[in-house]
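There are two complexes below, and they share chain A, which is joined by chain B in the first and by chain C in the second.
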Partner chain A sequence: MNYHDPHKPKHLADRFENKHAVPNGASAVVATTETVRVTTPADIGGMGHRMKRKEDPRFIQGKGRYVDDIKLPGMLYMDIVRSPYAHAKILNIDASAALALDGVVAVITGKDLAAHNLHWMPTLMSDTQMVLPIDKVVYYSQEVACVIATSRYIAADAVEQVMVDYEPLDVVVDPYQALKDETLVRDDKELKTNRIWHWEAGDKEATDKVFAAAAHVVKEHIYLPRIHVASIETCGMVANFTPATGKMQLYMTTQAPHAIRTVFALVSGLPEHRIQVISPDIGGGFGGKVPVYPGYVVCAVASLLLGKPVKWIEDRSENLTADSFARDYHLEAELAADANGKITGLRVNGLADHGCADAAANPSKFPAGLFSICTGSYDMQAAHINFDAVYTNKPPGGVAYRCSFRVTEAVHMIERLTDIMAHELGEDPAAFRMKNFIPADHFPYKSPTGWEYDSGNYHAALQKALDMIGYDALRQEQAEKRARGELMGIGISSFTEVVGAGPAKDYDILGIKMFDSAEIRIHPTGKAIARFGTKSQGQGHETTYAQIIAEELGLPMADVDVEEGDTDTAPYGLGTYASRSTPTAGAAAVMASRKIKAKARKIAAHLLEVSEDDLEWNINKWQVKGSPEQAKTIQEIAFAAYTNHPPDVEAGLEATDYYNPPNLTFPFGSYICVVDIDKGTGEVHVRRFVAIDDCGNIINPLVVEGQVHGGLTMGLAPALYEEIVYDENGQCLTGTFADYLLPTAVESPKWETGHTITPSPHHPIGAKGVGESPTVGAPPAIANAVVDALWHLGVRHIDIPITPQKVWQALRDAGVTD
Partner chain B sequence: MIPGAFDYHAPGTLSEAVTLLRQHAGDAKLLAGGQSLIPAMRFRLAMPPVLIDLNQIEGLEYVREDNGHLAIGAMTRESALEESGLVQSRFHLLADAARVIADPVVRNRATVGGNIAHADPANDHPAVMLAYGAEVIALGPNGTRAIAIDNFFVDLFENALAEDEILTEIRIPTPGANSGGAYVKMERKVGDYAISGVAVQLTMNGDTCTSARIGLTNVSPTPMRAKQAEQLLVGQVVTDERLEAVGAAAAAECDPSPDLRGSAEYKRDVTRVLTKRAIRQAVERATS
Partner chain C sequence: MSQHKITVTVNGQAVTQEVESRLLLVHFIRENLDLTGTHIGCDTTSCGACTISLNGRTVKSCTVFAVQANGGEIETIEGVAQGGQLHPLQEGFWEKHGLQCGYCTPGMIMSAKHLLAHNPDPSEMEIRQAISGNLCRCTGYNKIVEAIQYAAAKLNQPTPEEVPA
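Moving on, here comes the complex of A and B:
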């Protein structure tokens, strides 16, 4: 056991050696370091350079081009009639008054769509979802009819004139109630039940045995509330069908343009080569722009039927009340430990509330996403997870909101349980974690639920966080404050992420394997364009992909333009979500570059009149071994590729790669949060937050920090502020930003970030994903800090969001007031 | 979030505005900073057929001291209050409030007149003006009149102005010697309306409070004074026990409704806590 006493910081180098074999059998050393590797000069700007983003000048100047910036001649506007009921029969829809308004072109209802068999659509999880209803509505704010008009204002006026007669039905909001099947959400289904799926992972028998033998068991009901990605840009589309050519252009806010094109082709019957999906700049996606929403479908159908461009842009309330939600997991979780306080097992009963359709964006074989990563950073003998999913009268979803498919839920649960166990045993939560971590020399590590963690060094990351925040001094301060009756808490979260879906044998969406792609073309003058199957929504791909190519080929990153999002030009890929772009398309960029490098070698050999074997690569050129002054730069080679290439080699210098990752990557980190609590009002003030992330080799430290800052803020949000709330009638009470609370710079603490670097042994540049780690890791650090402040008052757990009222209630229950 | 159709007028003078108001009596709404009215219109909660924009009228943006009171022009932006040296040096209660109304972007547009005229108990100025015992100046077809703030808030979103009257100025009595004030607001995040807010303006004689007015934010259907709390405070030495009793009285006399900000019980208790804190702060300012 590689136990490190947190109170005795040793020099990092002592602990970082971590030798083991990589999964493919080749022997390698994955050592943890702190120094970002840089091999290219600044004017080339390859991996490791801390550079500003290439895309920012246009964004900062307001010159981004979003879907709502698209204006086409003769464009019509769509607006949507939405249900005021969460569950009701539709008796009649009368559109005559709306159609009588000047400028109203059409009102489209479910019946109109049914004539083309387009009133239902498949979800990404192969469930079905109404596009527009015919008989009944199943959630508040559901799309009921769409108005098409010559101006946005007329469309809005007409929406008020569409008369819909409803007969309200009983509503089921609570998923535990839904399990009783007294009110059926989906009577269209053959099986008359609200149950959607049952899923298990791990070994039940072995887990039960571990629990029977356990010296200590802690149990908690943990709820991860329904939340929303709340991207600043809402969803929207401009559909432009040209009858003369039969071509359908769809400008849309999608994170996965290629997959969407295929789904549109299959559902609509339009030939796929006549559909062009263009995803221009996107103002935040976070998973919410992966699914297909009814508005997109009707907008496209309207353009098809009318032969004119049609624009649909959601407003904020529509976005918050009707688009796919995230989380909404109820977890009954137990953790077992032996007499020495060593964790031995984990047992979970989960209930997933999917609303009216399972519209999660998971890989098809994973109904609960990658939730089974929930043994986290801890070495244990056995685990078993038992899950049910149900329909309720709420909007559909289960999107992976900045979380690689339900990892946020898993991490929150294990990190809360770990803290509860440490507190129950009277052990320091840091020391307890150190004792239970998977040791650095156990990687690659096979988890009890079947994952093979690629690399990790959890002790090093936590130790660095403890040192950075000054843990011992804080614990002392806490003790002094507690003696004076003041409330201060320290919370730790040592999370393990799983990102980069994924290997073709296990990962697909609607059957399409989850590879991703890169295509690089180098022009005669040595400038290049690179296109990808992914789609940036703020992640900085235009910068980081260019840096990867600069690293591999020695082309200055400024000379490499990155393009994504147009299905007519980009190679096919599954898109950007679940922190998969670097693990998949980033790797494809490396492989395509290496193909180009191999061809460049042939050309260089030809130019230098030597054998290929006599050449060696040096940053940006092929040079003759032993006489480096004889060399050809990548630019010279590119020019020759079009002007003087060898007779037996094709002209041009380009390559494409479709990368199938051999495994997922497992980023990790340790976060520590310090909170102060107001005894009078229950307010939680986050005083400090230290975040140490390990995402393997770093492509651009500035981009990583940016991702971490944003992600931490998005982790603070559900911890203290955000929740989609419904009343007992299924009405959404959080349809504006006055009620759905996004934290701002004022609420956010000064994020103190740092890193360790433990490369992925199977990724060609040793990188992992990072975009989601902070969103996944931050909430339990905050929740643990709050409970740490209140544990001595008998508080064991508070569900997020930890609102002032919840804390106030806990304080008053304990007889504490101001 | 697309408003319905409306006619738009932008008069250049107050008298034109009053004439337009009379012409469109009942149909017209005045547009000041638009930070309450325009959101309501975008949700079609308000669909006024006529808008009369006050932003082209000159001479309504000022903060100055006039014979014994602070005069604030109706169209004064919240950001101007926040930056006013006069307010910062002598009107601590108002200065406290100016920093916590909405967020800086909203404060650049929102006006003091609009904040009060809107008669929203969730707004911060009503409680502040109640605590100051301010006066509202209204201009109508027959000239101006002064309305005591205690008579101004009639009901939720309903004020004492006639249909053809415009609020032109707010007057706050200049605090005398040994006076102090404070505003303490609890909000869920910056820019949020209060869970509860307590405005206190008082005068001290040594340890004894000789006069006090307390206004409460967002814990009643109309902006309110905590009169029972005031009574328990005036004429008393401000001890911890006294503060507890005063806080408890404010908690008992307010009438909050439960919502996403919290239960009624929670809001009452927060009102108790904030009342104590606001009084402590006001006493400290009065006696230093």
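Moving on, here comes the complex of A and C:
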């Protein structure tokens, strides 16, 4: 086997490449290439151009506008009294000393909210969560009362003066303990149990049969701990209710402004047209800014009650201890294979720790998100997943950590199991994957858990990664080092993502279908504004959406301004998370552009005095077939749309599209990680990391690289460093950046990236999402590399984060520490 | 709370104000002077979003009282571009895609500016170490390193009058 010499035939992958030269793209089988498609000149800057971002000039000059930058006349400040206990009765709240301080305007408690029936709120999964408690608290750092004052310093002083009497209760932090129902987290519920839901996917009977017939079965308990997105900007709001107009403006750190507006309308009773949610520049989101937190609600209520603007900005400790968390999944997973080492089945028993409320940010019908993508990149006969979720005395879990609805958990599990199986069978992990991949000519592929993967070419991506990193030479180096007693590991992850929720028939959040939208208006002089229902938090939408429109209409991308995040002006949409913006709103931009192009054709035919049928589109103009000198550019047509439009055509040149995707998109990739392990300290050093991503057609290679680099670092972080830890009393031990360790520039490797391109057959420009692929794909590559380094010492699994202590312990158990 | 009159020079302009003893420099800059390019990302001096230059040293302005800056010279991100011209670091961040959400960017640029002022030709590891007090959650740092290398190369180019005829 020769994986690394580019001049030799690529044996394994060759069997699957080249079959894809499908005439006219008629078949669902899609050609894979490495060449980024570019059809427009650089001054137009359509798809495939490596354009600098349009949003950057304001950020590099300190002129971004984030929520905390907003200052309104007469603005008050809110600060929050939080619980020092994870589970306790509230006996009394005495705010008199706080209210006596100069500058304190109000102290709001659960009882005050109860008077307006606002002390509970719905979660995104139709559970309930306390806004402020009346009788008891259920997690450490829970919001207990809110102080409103004339300055943030006075508000902080007053928080110290609010006296709360608690009676501590028994605490349950372990989800397996919670299953016993000895300590009830939610005694407000009719059913006296900590169990929230039970969910199954796949075919149990078929799976049991496959396991009964299997020649090889591997089993592992895999825990994916609680982690926190920790965007560098925390959460916050400026609520500005104007009694004279009845208008409520909510400047808010939210990834989903329109859905938030609807939820606020339903919960508060304010008419929706009197609520304006404005999501200005957002300092990172990654899923943490999808939910509604109690602080937002109280801030809005305070402004409503006081008739004044109120600002609430959480500090980092509040952010790390009280906002929703990601993961916390315990997985008992088994993989079966036949005598030839062909994977045949997967069986999973999972337990989800949701903390005190099921506040997961998932589509309604998917309580465990899209976890059932867990058969991954491998063709197998059957799979079955059996899942329970429980309440514990922790803050709500279940938001994303830059990942599409539980896909990271699924990918980590299948990639770990695949690696364990390869090692158990004594097969090379790369060859084992090549043998078990879904072949490229099997797409669209129906998975055993019911997904229809749109397109893929897993062999090509892995082969490219193997070539790029020089796999055979590394294996040789590893063998030599091992002979000398040095620890080096090579880990592979060949993941399949599922993003772009989603088709309206299955995907909604609180009943609102997960379409997304674009509205494009072209002004008479050929400049345009485009507005979207999504909301960038750094993804670069102002650039990439403009490039999509430039591609479709030939308008220079510099002439297209993109706006998002103001519910008074932007069309309704479900927002930006789960890598859904390009698959949904990006597609809406294409469809709206094509509506404009169709109208432009009528106007061009009128101007050129020909039939529409005689016209053909050429980059930025409609031209007469066979006579291209007779043409009208999009700018000329735009001017005519307001000055000389045909009598039977409306004036103006604009269109709106609400795009309902026919399927999700399935980006994929292969990552290879090389680690060296220090035997004395257990420290893992990531020496090299090659990432080949396939996100279909690329809109802006520079932006895609940026997304991949950032995602890889957010994959490295939970693999080696990050974990939110609680003690047995439910106290959070990781409430600052001194305890919760984000990678710095020193820990982050020099990422080596590349791509293959296998377009999505159903997306109008063949694109897929990409922002989260690397966060999903990277952790198992790193974990597999560490285990690969230690396998010969009897180590078969280490849960992430793979800290020096865990590695050192494993080495000590094997008797090999220095 | 006692008040103090302080005078500081911020981006070349002298300002005199009455401030509380406990007012943090970052709040003085952001709220009293409305220079909101300096950000707050933590409360433990860990993230570096509030990095500014005080008397030629980079400091995390969330951990300095405004009164400590009395009589001092402050530079914030708003003072980095001169005469309508972007600084090479700002150009580098734009050119190399050294930012995504932009929240950490002002602090990163201030730390990088300090580095290049003292070490005009840093190695990659020197750059990484110099910005290791500034957390970024979006970029993975590689492109920030490239942005700083771009600026170093540009600043090290001889100016036209230095080029021998």
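We adopt the following convention: the second predicted complex is superposed on the first by the 790 of 818 C-alpha atoms of A that agree within 3 Å, B and C clash if a C-alpha of one lies under 4 Å from a C-alpha of the other, contacts with A are read in each partner's own complex, and residues count from 1 in each chain.
Keep this in mind: contacts are C-beta pairs under 8 Å (C-beta built on N, C-alpha and C of every residue); 3 or more make two chains touch, one makes a residue touch a chain.
Not measured: the values here are computed from a predicted model.
Peer 1: Please determine whether it is chain B or chain C that touches the greater number of chain A residues.
Peer 2: The partner making contact with more of chain A's residues is C.
Peer 1: Which holds for A:233: it touches chain B only (first), chain C only (second), both, or neither?
Peer 2: Touch partner of A:233: chain C, not chain B.
Peer 1: In the overlaid three-chain picture, which partner chain does A:746 touch, first (chain B) or second (chain C), both, or neither?
Peer 2: both
Peer 1: Contacts for A:804 in the overlay, against chain B (first) and chain C (second): which applies, first, second, both or neither?
Peer 2: first
Peer 1: Looking at the overlay, what does A:683 touch: chain B (first), chain C (second), both, or neither?
Peer 2: In the superposed model, A:683 contacts chain B only, not chain C.
Peer 1: Should A:705 be classified as contacting the first partner (chain B), the second (chain C), both, or neither?
Peer 2: It touches chain C, and chain B stays clear.
Peer 1: Given the touch rule stated above, what does A:316 touch, chain B (first), chain C (second), both, or neither?
Peer 2: both
Peer 1: One more residue to check, A:153. First (chain B), second (chain C), both or neither?
Peer 2: A:153 sits against chain B and chain C alike.
Peer 1: Using the superposition on chain A described above, determine whether A:195 touches chain B (first), chain C (second), both, or neither.
Peer 2: A:195 sits against neither chain B nor chain C.
Peer 1: First (chain B), second (chain C), both or neither: which does A:540 touch?
Peer 2: Only chain C is touched by A:540; chain B is not.
Peer 1: Residue overlap on chain A between the chain B contact set and the chain C contact set?
Peer 2: Residues 152-153, 315-317, 738, 742, 744, 746 of chain A touch both chain B and chain C.
Peer 1: Note which residues of chain B are touching chain A in the complex, please.
Peer 2: 1-2, 4-5, 43-44, 103, 186, 188-193, 195, 260-263, 266, 269-270, 273-274, 277
Peer 1: Okay, in this complex, where on chain A does chain B touch?
Peer 2: 79, 152-153, 155-157, 160, 315-317, 680-681, 683, 721, 725, 733-734, 738-739, 741-744, 746-747, 803-805, 808-809, 812, 817-818
Peer 1: Please output the residues of chain A touching chain C within their complex, sorted ascending.
Peer 2: Chain A reaches chain C through residues 52-53, 55-66, 68-69, 71, 152-153, 229-234, 281-284, 286, 313, 315-317, 537-540, 702-703, 705-706, 709-714, 736-738, 742, 744-746, 748, 750-751.
Peer 1: Which residues of chain C touch chain A once you look at their complex with the stated criterion?
Peer 2: Residues 20, 22-23, 27, 30-31, 34-44, 46-47, 49, 76-78, 80-81, 86, 90, 93-95, 97, 99-106, 109, 124-125, 127-129, 131-145 of chain C touch chain A in their complex.
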